[in-house]
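First subunit A sits with subunit B, and in the next complex the same chain sits with subunit C.
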Partner chain A sequence: MTFWRQAVEIARVDLVVERRAGETFRIVLPFSIVALMVFPLALDLQLGIVSTVGIGVFWALGILFGMQVALRQSASDTPERRDLHVLSGVDPAARFTGRALSGGVLMTAYLGLMLVAMAVLFDPELPGGGWPVLLVSTVLVAVGLTELGTLAGEVTTGLRSRTPLASLIVAPLALPLVIGASQSVEAVERDTSILPWILLLIASDLALAVAGVALAKPLEEATQ
Partner chain B sequence: MTRVRVLMSLAALAVAVGLWFALTAPPDALQGEYARLLGIHPPAMWLAFLAFGVTALGSIMWLVGKRDRWDRLASASAEIGVIFTAIGLFTGMVWGQAVWGTPWDWQDPRLMSTAVMFFVYLAYMALRNAIDDPTVRARRSAILGAIAVVQVPLVYFSVNLFRTLHQTQSIRPDGSTMPDEMLTAMLVNLVAFTILYIALLAARLDVARVEAEAHPHTALAGDAVHPPRLNEVEDV
Partner chain C sequence: METIVQLSDTRVTLGGQIVLDGLDLTLRAGESVGVAGPNGSGKTTLVRTVATLQTIAAGHASVLGLDVGEHNLTAVRRQIALIGHQPSLIPELTLAENLDHRARLAGLGRDRVQNALEVVGLGDASDRRAEACSFGMKRRVEIAHVLLIKPRLLLLDEAASGLDESARELVAAMLGSVRARGGGAIMVSHDRAHLSAHCESLFDLRSGRLEAAP
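Moving on to the complex of A and B:
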């Protein structure tokens, strides 16, 4: 089986498991939307402020709850499943790539739905051309966040404090993604070039992909 | 132990000399006495960069050779780095309040990236604390230690990439932007802090070695208890 065939097969199985578990869309997404709804109430329903800070709230909640998507239980292998991968000769890099692919699909869909919910609830102020940039940034953030989550999830596999520990690892390292995403939309508002911020997002995604593939073998050994 | 005592004595002497240089340098025309923080703030951050670089080196060497001493080096160096990053952040905030009028500027990339680096290495230490098995701990923390070091060049070059409140480097290839007395005080303190780092690292490595020998792997209460498995029930 080729590298890409292995990666696609891992991704397919992950998505099937997630469809059955429903962790992302039946638990994390509703919880995130409730959090979006709590925010205007915390601001005493001052809708002008809510509209102004809407995009920022989307990024903050999207990143924080997105970690739950990246670290979902359905993406953590049991020891038996890990052993099966090793004995079947699955390439560790293909396993990382497959996991990142399935996570990327879920994360993009999750952030996309959060974006729709935010647009409906907050009616954010966006200049002309802001929405396409926001969409592109959302996809790039989804990819980076998934890669980070996959790495942190592997490093903390099987630990009692897996979820808070992995979140502590992901949150500070996700800051370049938050900065790139928020500044690209700001750049549209200021009528300056968005290119440096989009390049920052692409560079972060590529760096994480390279780190994940390069460290896939020691990561696999670390979880055994 | 004698080696550590000698190193600690050397470090105490070097830090005392460094403080003397920092306290006897003339005050700055604009910043006044606050400029003396030059003797603590840049050396503390330099030491943090050095410590995290050594952590990355130890991590990579562990991944290559799987020798325990590399893991101990990485861990000990990260602990020292975190403490000195905290000192660097605190002294930077005190200096910022005096010079900029605010201890924290959200738009300053140097402050933000340093805080991020601090939390990344706190996560590194939390990861180590969460794992009981020494080999698993070494392997997983080596991976994080090798990745986390990308923060160091990001923090260092952040002032060149984004110009806001924090000044750029004072020592450049074409010379220094500081008066000679201040430059001397800072360089002496850089050397003193480096000796202090070596002494602290040697002491921490000794403690880590003793800990590893005394408690190779301490099982926690409840570790031996496992939930019943289906095949075990069927066997009965």
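Moving on to the complex of A and C:
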């Protein structure tokens, strides 16, 4: 079986499991939207302030709850299933790629819905080109956050405190994504170039993809 | 006769503790070897070592002619089937989907999946989700997986525990088919009577070494 067929098969099954378990859209998303709603209430519904902080709150909550989406595969990963993959001859890099593919689809959809919820609840004021830039940033953050979560899941395989430890790895390493995303929208508001920030996001995504593929086999061997 | 597994003076450590120490084991084509021992004696570690899932600290280990220290073990690993303590099915998938997923990962077609489920007595339950199935049904799916991939080396770690009589007969039939194809099997269990019924050679695992059972 080729690399891509293995990756697609792993992604396909992961999406089927998610459709039936509904962890992202029936559990994480409703909680995230409730958290979004708390902010306008906490700000005493002062529409001027609510409108100003909307995008910042979106990124903060999106990253925070998005980590749960990014780490959901590693949380359900069992040693027996990993053994099955090894003995089936699944390329560790294909497994990383497959998980990143399915996770990327889920994360993009999740952050997309969060973005809609934020737009409705906060009604942020953005200049003309702001929304397309926010949309592009959201997709790039979704890809990067998924890769980071998948990589953190692999790094912490077999460790007792796997889930909290993986979150601790993801949070600081997600900073370039947060900075790139927030500054790209800021750049539109300041009418300066968005290119450096979009390039930062693309470079982060590419670096994480290369790291994930390159480290997949050594990480698998390290757990044996 | 071709050697399927050869362990010579093999040492395996886990968390700094020596689990297998100077262990020797030879499995030839057509044979099945049984290893008995109490809980914590290292039976599972032995199985994982032979399955190339556990690195060795010292000594030599070769499986199906390839040193386990080799960089690329993919071809050898595809000829190994391991049935461990816990069935590794994905709970949200049906039994047929689980087996289909395994077949796809192994690069096999889907056409024999339903037939394999019928052979193990799960033809009518193929659309049932794994999370709603009993331990014995999940174990039967793993037996169906072995029938699909036709391994040359079968490793059974307490595989017959908790199974009813008909499922135990399936395990015996699976063992027979692997041996008939020129493969070999290693069974580990604390159930000595079960091992004696299916294995030509029986060993006790004590202090990390194998001793011929009386």
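We adopt the following convention: the second predicted complex is superposed on the first by the 214 of 224 C-alpha atoms of A that agree within 3 Å, B and C clash if a C-alpha of one lies under 4 Å from a C-alpha of the other, contacts with A are read in each partner's own complex, and residues count from 1 in each chain.
Quick note on the criterion: a contact is a pair of C-beta atoms (placed from the backbone, for glycine too) under 8 Å apart; a residue touches a chain by one contact, two chains touch by 3 or more.
This one's a predicted model, so the numbers in the text were calculated from it and none came from an experiment.
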Which superposed partner A:37 touches (first subunit B, second subunit C, both, neither): neither
Which superposed partner A:120 touches (first subunit B, second subunit C, both, neither): neither
Which of subunit B and subunit C A:9 touches, first, second, both or neither: second
Touching partner for A:90 - first (subunit B), second (subunit C), both, neither: second
Touching partner for A:173 - first (subunit B), second (subunit C), both, neither: first
Set of subunit A residues, in rising order, touched by both subunit B and subunit C: 221
Footprint of subunit C on subunit A - complex, ascending: 1, 5-6, 9, 13, 16-17, 20-21, 78, 80-81, 83-91, 221, 224
Subunit A partner contacts - residues on subunit B that touch it in the complex: 63, 112, 116-117, 119-120, 122-123, 126-127, 130-131, 136, 139-140, 142-144, 146-147, 150
Complex contact set, residues of subunit A against subunit B: 151, 155-156, 159-161, 165, 168-169, 171-173, 175, 207, 211, 215, 218-219, 221-222
Touch list for subunit C against partner subunit A, complex: 48, 51-55, 74-75, 77-78, 80-82, 84, 86-88, 90, 92-93, 97, 101-102, 104-107, 129
